[in-house]
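Look for subunit A in each of the two complexes below; its partner is subunit B in the first and subunit C in the second.
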Partner chain A sequence: MSAPLLDVKGLSVRIAGTSRDLVADVSFTLHPGETLCVVGESGCGKSLTALSLMGLLASPPLSVTGGEALFDGRDLLQMPLDQLQALRGDRMAMIFQEPMTSLNPALRVGDQIAESVQRHQGVSAKAARARALEMLRRVGIPAPESRLDAYPHNLSGGMRQRVMIAMALANDPALLLADEPTTALDVTIQAQILALMRDLQAQSGSAMILITHDLGVVAEMADKVAVMYAGRIVEFGTVAQIFEDPQHPYTIGLMSSMPTLGQRVARLVTIPGVVPQASQMPPGCRFASRCPFANASCAKTPDMTEVATGHRVACWQVPLEAGIDQRVSA
Partner chain B sequence: MLSFIGRRLLVAIPTIVLISVLVFFLQKLLPGDPVLALAGEDRNPEILEFLREKYRLNDPLYVQYFNWIGNALTGDLGVSLRTQQPVLTLLAEKLPVTFQLAIMALVIAVVIGVPAGIISAYHKGTWIDWLANVVALSGLSVPNFWLGIMMILLVSVKLGWLPASGYQPFTDDPLQSIRTMLMPAFVLGTGLAATLMRHTRSAMLGVLQSDYVRTARAKGLSEKRVVMKHALRNALVPVVTVITLLFGELLAGAVLTEQIFTIPGFGKLVVDAVFNRDYAVVQGIVLCTAIAFVLMNILSDALYRVLNPRMSDQ
Partner chain C sequence: MSAPDYILEASALKRQFEVAKPLFGKAKVVRAVDGVDLKIARGETFAIVGESGCGKSTLARLLVRLMTPTDGAVIYEGRNIASIPEQEMRDLRRELQFIFQDPFSSLNPRMTVGALIEEPMRVHRIGTVAQRREKVAALLSRVGLSPQIADRYPHEFSGGQRQRVGIARALASGPKVLIGDEPVSALDVSIQAQVVNILEDLKQEFGLTLVVIAHDLAVVRHMADRVAVMYLGEIVELAPVDALFDAPRHPYTAALIAAIPVPQVGARKATAKLEGDPPNPIDLPTGCRFHPRCPHATDLCRTSKPTLRARDAGGQVACHYADELTLDGLSAGSDTRSDAANARFEIYRAARARSEGANAPATTTT
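Right after this comes the complex of A and B.
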């Protein structure tokens, strides 16, 4: 396979005044055109991972404490701000969770898109506006000519997220980071937005990191999946490997907590317990307190081991013997 | 927008009427008799009675009020009991002075206060923020009269850079006019700059954490553009409200500052009028200031709508 577009090794993020990492030792690679879904519960460090790559961590108090992230061979984490600014919005772009608050309420949406085009392509205001119009049309906004001069509050949530997508894709980025782009939207709109993102990605050939807690979205969009728990990647593999042969007890728990169509169950399966607080992160395996298989060896942080080509798991108990599904769901 | 302003002006009418009623009757409650003040040492009852008749002070209060307000509507605010000059003439004389002082003080306040607020919010928690806050707090705490006297001592007496007092009409000699007004405007402006700085800082702090500022950064915009275009535009909304209200306050006259620098503005006029029980002048000034305040409020709301497009659709 070709050289990776993005190669993240050992990324760690810490909040000032604590000694435990909110994102710990996160590593993955992403090739051009691929979609990586990062999945996990709220607060597991998915968004922080994406924000660190963009250099957008709220710093202070958050800061990257280790690792590297090679993008086109250059380390994003060490890059001076001016070089990073030249990449943001151009080679790499980000879509945020909240379309309601992520657009500037005081500026017209056309200007907000055109601004990014002008910044990176150095074209005239007129050409940038034409590009903004083209992007609005491509993301399927009806009557795009009249929407150019609309303010965000004139648009519905779904339309605003389309505007965000138009803005992010306006300069044909090689990498698109999407942080729960459909979470704030109605279910019917969610499907439309996902389909739109997939189409546009296919047209432009850009790679995508899609952050979600929705396994349905993962199944639909992903090539590769990274399952995160409490700041660590606990399992990494192709979408087939993760869905058909989950190895980490947490992943198995996630899979069994997904409702299945056509099957009536009295109650959905849950994973007992909650994600530990950043301040109370246990040493060793962070899932141990909720894990039905935990034993003394889990007091040490498990290494990532490869169980199949490209399928890596961080668990001392892997491979688990047969029949575990029942034990997890019990 | 025009219909909005028109509507607001209509709504302002009852407010102004209410103010006129309050001004008129509250003043009647004050102890002291204008006729006694006018007659001076001479307490001859016949003269007092003559004066009361002349100024129609024997009419029932409500008749007096309607006389006053009726005349006011035709532009006649009465004459000063002391100088016999029409109140309107007095106001027309003082208004440009106070207006010029207010504008200059406001410009100084905005030029210092808004950038200081932006910088201190952007560098929140650093020594820059700390320094800006200390300076602002000093600006708020130092009394104007003290700062005024110190400035006269330093800038006029010691350095001889600016005249210590006096007033030169702007139309006669603009440059000299600005020079004479510079120190009082600075004294007034620095105090207001501190207020503005605090407001700008808190508005900016909120906006800088917003999602759309993060989006602007994610677009690769420079920090300058992120702050000046994306953040400031939104942070200005509450700040503009404060600015217009401060301007309204300035128009009411700055009594102490005007006294120190012997500027013949509203402040001085109103103090003299109160001490001399010169009812007509006090009423005229208060009414005039109140109207200025109401107009400033309308202007503030209009600007609010310009800056905040969500408002203009409603």
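Right after this comes the complex of A and C.
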């Protein structure tokens, strides 16, 4: 296989002065044209993982405490700020979870997109504005001409999200980090945006890290899936492996919580308990306090173990069937 | 069945925004909400769905007077809250609470989580300081957060955690109507399931009426009693949830259902994309507002505007051909799992049952 575009090894993020990793030893590779979906409980470190790669962690108090992230062979985590800034919005772009945090409320949306295009492509102001208009149209903003001069607060939540998507895609990035890009959008626009992202990938071979909690979107978009829990990747595999052969108890719990479109149930299944506070995080497997399979062996941290080619799981009890047989015969 | 008891009603409700004022001529307006009539029954869960930008948030804000209408009335418990004095409205706010779409901009970053949740109780002079502190702790655990986080600030939390803070805050004043603008869309499915269960429990416990705007149609299908579908500022279909999903009568509703991403690898039949340009709310189409994108549109649709009229199952629909068209609803078995996955799920369920039995009395899980 060709060289990966992005090779992340052992990425860890911490709050200054504490000892618990908010992102712990995260490793994965991404090839051009591939889509990696990241799923996991709210607060498990998905956004922090993406922000670390962009060099956009809120630091202080947060900082990267270990690992490397080779992008085109260069380590993003060690890169001088000016080089990183040159990459951002150009070779590498991010769609943020909360559009208002990355749109400038005082600037017209057309100007914001055009400014980024001009900065990275060095084209004329006129060409940049034309590109901004084209991008607004491509993300399905109705009457884009009249929205170029709108301020972010004049737009609906979903339109702001689309403006941000337009901005991120405007310079054809090689790596797109998309943090819940379609969560604020209705399903028809979502389908349109996802198709747009796939087109972009097909045209320019860009790679994408897509953070989403919509397992329907995962099934549709992902080549690979990383399931995170409390800062760690607990399961990693191809989309088919994750959906058709889920192994980690957390992955299975997550999938069971999903409301189905089929039969209506009286009550949704949940995963018992909450993610423990940093100070109460169990040693060993971080899911142990909520896991119905946990036993004494889980007090040691499970390593990622390959259960099939490209399918890795961090759980002592995997495969779960084996555990059942033992318990029954015991 | 006795006559339904309506707690909140909108009648001919309109809200416009000026978008661009040309040098000459009339200012251009967006008709964000353009003549909405609806009645929300006490104790029901009423969902509003529709295309991004169709006016859902605007409608929700009008319903609790976070915004005043350009025209029309909002009747809450017999009073037109669109026109009562601000002072009177202030007291009513305790009963009408709002959960915002964007938990980041709606929480004051300089207040601790505890202070944020306490604020509505303070404003409405509910309880003593000690009682309020206790209530804050209870509300935090209620939404699945640790009470120990009360002295931390919103920026220290993930998006989903902040959204739960917003929900705890909305619950603090003991509302009768809770309007959630995408209340669970920032949450992962396991927390979402918890929050949905919490909202349903609270609804039972306190006889709450819920109005929920959501893009996730699986959530809507699970939670709602009735659903209103909006398109370009208007309601195009309104029906009990099963009738709406199983047998939609409006082509836009059918398009929405067809676009639901199915959590199964390779499930999506090509791309079920709505054809045509997205609508322009400034320059509204003639006739049926959906006609430029509707696969069933005829000349009649291009010239004459369909009115909202009765459909079966006690619903309403605004389409000239509602009675003639056969539209696809949710297809049966639209999410079936592989055998291997099913076996794993079964093992998980059995293990859950075993471990909860063993640890009885089990700690409450939701």
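Please note the rule applied: the second predicted complex is superposed on the first by the 295 of 330 C-alpha atoms of A that agree within 3 Å, B and C clash if a C-alpha of one lies under 4 Å from a C-alpha of the other, contacts with A are read in each partner's own complex, and residues count from 1 in each chain.
Here is the rule we go by: a residue touches a chain if its C-beta (ideal position, glycine included) is under 8 Å from a C-beta of that chain, and two chains touch if they have at least 3 such contacts.
Note that the structure is predicted; figures quoted are calculated from it, not measured.
Engineer: For subunit A, which side has the bigger count of touched residues, subunit B or subunit C?
Structural biologist: Partner with more touched residues of subunit A: C.
Engineer: Of the two partner chains, subunit B (first) and subunit C (second), which one does A:Ser19 touch, if any: first, second, both, or neither?
Structural biologist: Neither partner.
Engineer: Pick one for A:Ser2: touches subunit B only (first), subunit C only (second), both, or neither.
Structural biologist: After superposition on chain A, A:Ser2 lies in contact with neither partner.
Engineer: Give one of first, second, both or neither to describe whether A:Ala143 is in contact with subunit B, with subunit C, with both, or with none.
Structural biologist: Once the two structures are laid over each other on A, A:Ala143 reaches subunit C alone.
Engineer: Can A:Gly262 be said to touch subunit B (first), subunit C (second), both, or neither?
Structural biologist: second
Engineer: Have a look at where A:Asn104 lands relative to subunit B and subunit C in the superposition and call it first, second, both or neither.
Structural biologist: first
Engineer: Once chain A of both complexes is superposed, is A:Ala86 in touch with subunit B (first), subunit C (second), both, or neither?
Structural biologist: After superposing on A, A:Ala86 lies in contact with subunit B but is clear of subunit C.
Engineer: Between subunit B and subunit C, whom does A:Ile271 touch in the aligned arrangement: first, second, both, or neither?
Structural biologist: Only subunit C is touched by A:Ile271; subunit B is not.
Engineer: Of the two partner chains, subunit B (first) and subunit C (second), which one does A:Leu320 touch, if any: first, second, both, or neither?
Structural biologist: After superposition on chain A, A:Leu320 lies in contact with subunit C alone.
Engineer: Would you tell me the residues on subunit A in contact with subunit B in one complex that are also in contact with subunit C in the other?
Structural biologist: Touching subunit B in the first complex and subunit C in the second, residues 58, 98, 101, 154 of subunit A appear in both lists.
Engineer: Would you mind writing out the residues of subunit A in touch with subunit C in their complex?
Structural biologist: Interface residues on subunit A, with respect to subunit C: 39-44, 47, 58, 97-101, 140-143, 146, 149-150, 154-159, 161-162, 180, 183-192, 194-195, 213-220, 239-240, 243-247, 249, 252-262, 264-265, 267-274, 277, 292-293, 320-321, 324.
Engineer: Quick check on the complex: what are the subunit A residues that touch subunit B?
Structural biologist: 54, 56, 58, 60, 81, 85-90, 93-94, 96, 98, 101-107, 115-116, 119-120, 151, 153-154, 164, 167
Engineer: Any idea which subunit C residues touch subunit A in the complex?
Structural biologist: Checking each residue of subunit C against subunit A gives 17, 19-20, 28, 49-54, 57, 101-102, 104-105, 144-146, 148, 155, 157-161, 182, 185-194, 196-197, 200, 215-219, 221-222, 242, 245, 255-256, 259-268, 271-274, 277-283, 330, 332-338, 340-341, 343-345, 347-352, 354-356, 362-363, 365-366.
Engineer: What residues on subunit B touch subunit A, complex-wise?
Structural biologist: Residues in contact with subunit A: 125, 209-212, 214-223, 229-230, 233-234, 307-310, 313.
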